[in-house]
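Following are the structures in question.
Two complexes come next, and they have one chain in common, chain A, joined by chain B in the first and chain C in the second.
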Partner chain A sequence: MRQILFVLSHGPGSTIAAQESFDALLAGSAFAEASALFIGNGVLQLITSDSQLEMPPRKNFNVAFSAMPDFDIHRIYCCAASFHERGLIHQDLCIRPKLLQPDAVAELWKTFDRVLCF
Partner chain B sequence: MILHTFNSPEAFARHSQRAASTDQLLLIEDGVFCLVDPAFSPPAGLLALQEDLELRGITPSQTVNLISYKTWVDLVVQSQHTLSWT
Partner chain C sequence: MDDGHDIYRVFFYHDAVLVANRFQSPPQDEFDILAAWQTLAQTYNLDLCLCIASCLRRGIVNSEEAERFEHLGDSLASGFSISGLGQLIEATLVADRTITFGA
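Up next, the complex of A and B:
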């Protein structure tokens, strides 16, 4: 089965880009072996609603993230540099992605048949 | 080789450092506005789509390699992946 990496690089907020990229990931999981990489501002999507971080209320679509294994999305990665640059800690996250250092991210592309950036 | 395209200066600022030394970086659409920023220092071998510069009336002062749509297609064929950073 074709392996596709979905790169989620948009933060939540004023546009629906973040939600659309997650929708694409779920749709993609129907016809390929899909994996997810949260990178750049995309890591902000992972902040759980019961985190201690102060933020205005927003539509919380990330409750659906915990459903990813049900969609056979088992490989979920997060760029460690993006994660630490934004001052996040593990307790802030709603799921447990595998943290990858930047050099590992650069190698990750090569292991997939297709890479789709959102 | 991986081809990274950037369609805005913000996308370039956020994601260009992810490219490996063997990768190609290409400015497209509003990404070419990077070239009007006097503080912008282009990495070696940076590519920009000539038609998008002409459309916006930009004459780059920095060293940048201008390519055509046809060359872009050739690059896509040669690269393992194209990563479109937005």
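Up next, the complex of A and C:
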């Protein structure tokens, strides 16, 4: 089965882009072995709903993140530099992604058949 | 294309689906992106495919969707088709290269 890396770089909230990117990830999991990399403002999607203000009309779609293993999405990564630049701590996150240093992120791309950036 | 490459599909996602809004009327001194896509698609016989979820959120509907949601008319420009995210993933797997713009 082909391996696709979904790179999620949109912050949550101000636009629908982050939510639509997650939809693409779920769709991809039906056709290929899908993995996720949260990078840049995309790491903010990982902040648990409890510590985020609900901002209508956007919904907190990240409550579905814990269901990723049910969609056979088992490899979930987060850029460590993006994570620390934004002052995040592990307790802020709704799931436990694998933190990767920038050089490891660069290596990660090479291990996938396809990379889709959102 | 002139170098011998084939384009399997062009997939529009997020706000990019607004390219296919047939009601847009840009000022005469601005670039008409809809006309440019239509010309390109006609010249090279391209498959221009839009994500249906992105479309419905943004008011891009073909005649079937207009009927389903009881809109007064459709807003989809000619030369484009509305389909699902599966088309993006399928094209990604079939083609030897996938190029993403403006993510």
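Things worth noting here:
As a convention for this text, the second predicted complex is superposed on the first by the 110 of 118 C-alpha atoms of A that agree within 3 Å, B and C clash if a C-alpha of one lies under 4 Å from a C-alpha of the other, contacts with A are read in each partner's own complex, and residues count from 1 in each chain.
The working rule: a residue touches a chain if its C-beta (ideal position, glycine included) is under 8 Å from a C-beta of that chain, and two chains touch if they have at least 3 such contacts.
Keep in mind it's a predicted model, so treat the numbers as computed, not measured.
When the two complexes are overlaid on their common chain A, residue A:105 makes contact with chain B while staying clear of chain C. Shared-chain residue A:4: touches chain C; no touch with chain B.
Of the two partner chains placed by superposition, chain B and chain C are both touched by A:117. In the superposition on chain A, A:74 contacts neither chain B nor chain C.
In the superposition on chain A, A:16 contacts chain C only, with no contact to chain B. By the touch criterion defined above, A:27 lies against chain C but remains apart from chain B after alignment on the C-alpha atoms of chain A. In the superposition on chain A, contact of A:84 is made with neither chain B nor chain C. Applying the stated contact rule after C-alpha superposition, one finds that A:41 touches chain B and leaves chain C untouched.
Across the two superposed structures, the residue set of chain A contacted by chain B and also by chain C is 7, 9, 17, 114-115, 117-118. If you check the complex, the residues on chain A that touch chain B are 7, 9-10, 17, 39-41, 102, 105-106, 109-110, 112, 114-115, 117-118. By the touch criterion given at the top, residues 13-15, 51, 53-54, 57, 84-86, 88-90, 92-93, 98, 100, 103 of chain C touch chain A in their complex.
Residues 2, 14-15, 17-20, 80-81, 83-86 of chain B touch chain A in their complex. For chain A in complex with chain C, the residues that touch the partner chain are 2, 4, 7, 9, 16-17, 20, 23-24, 27-28, 30-32, 114-118.
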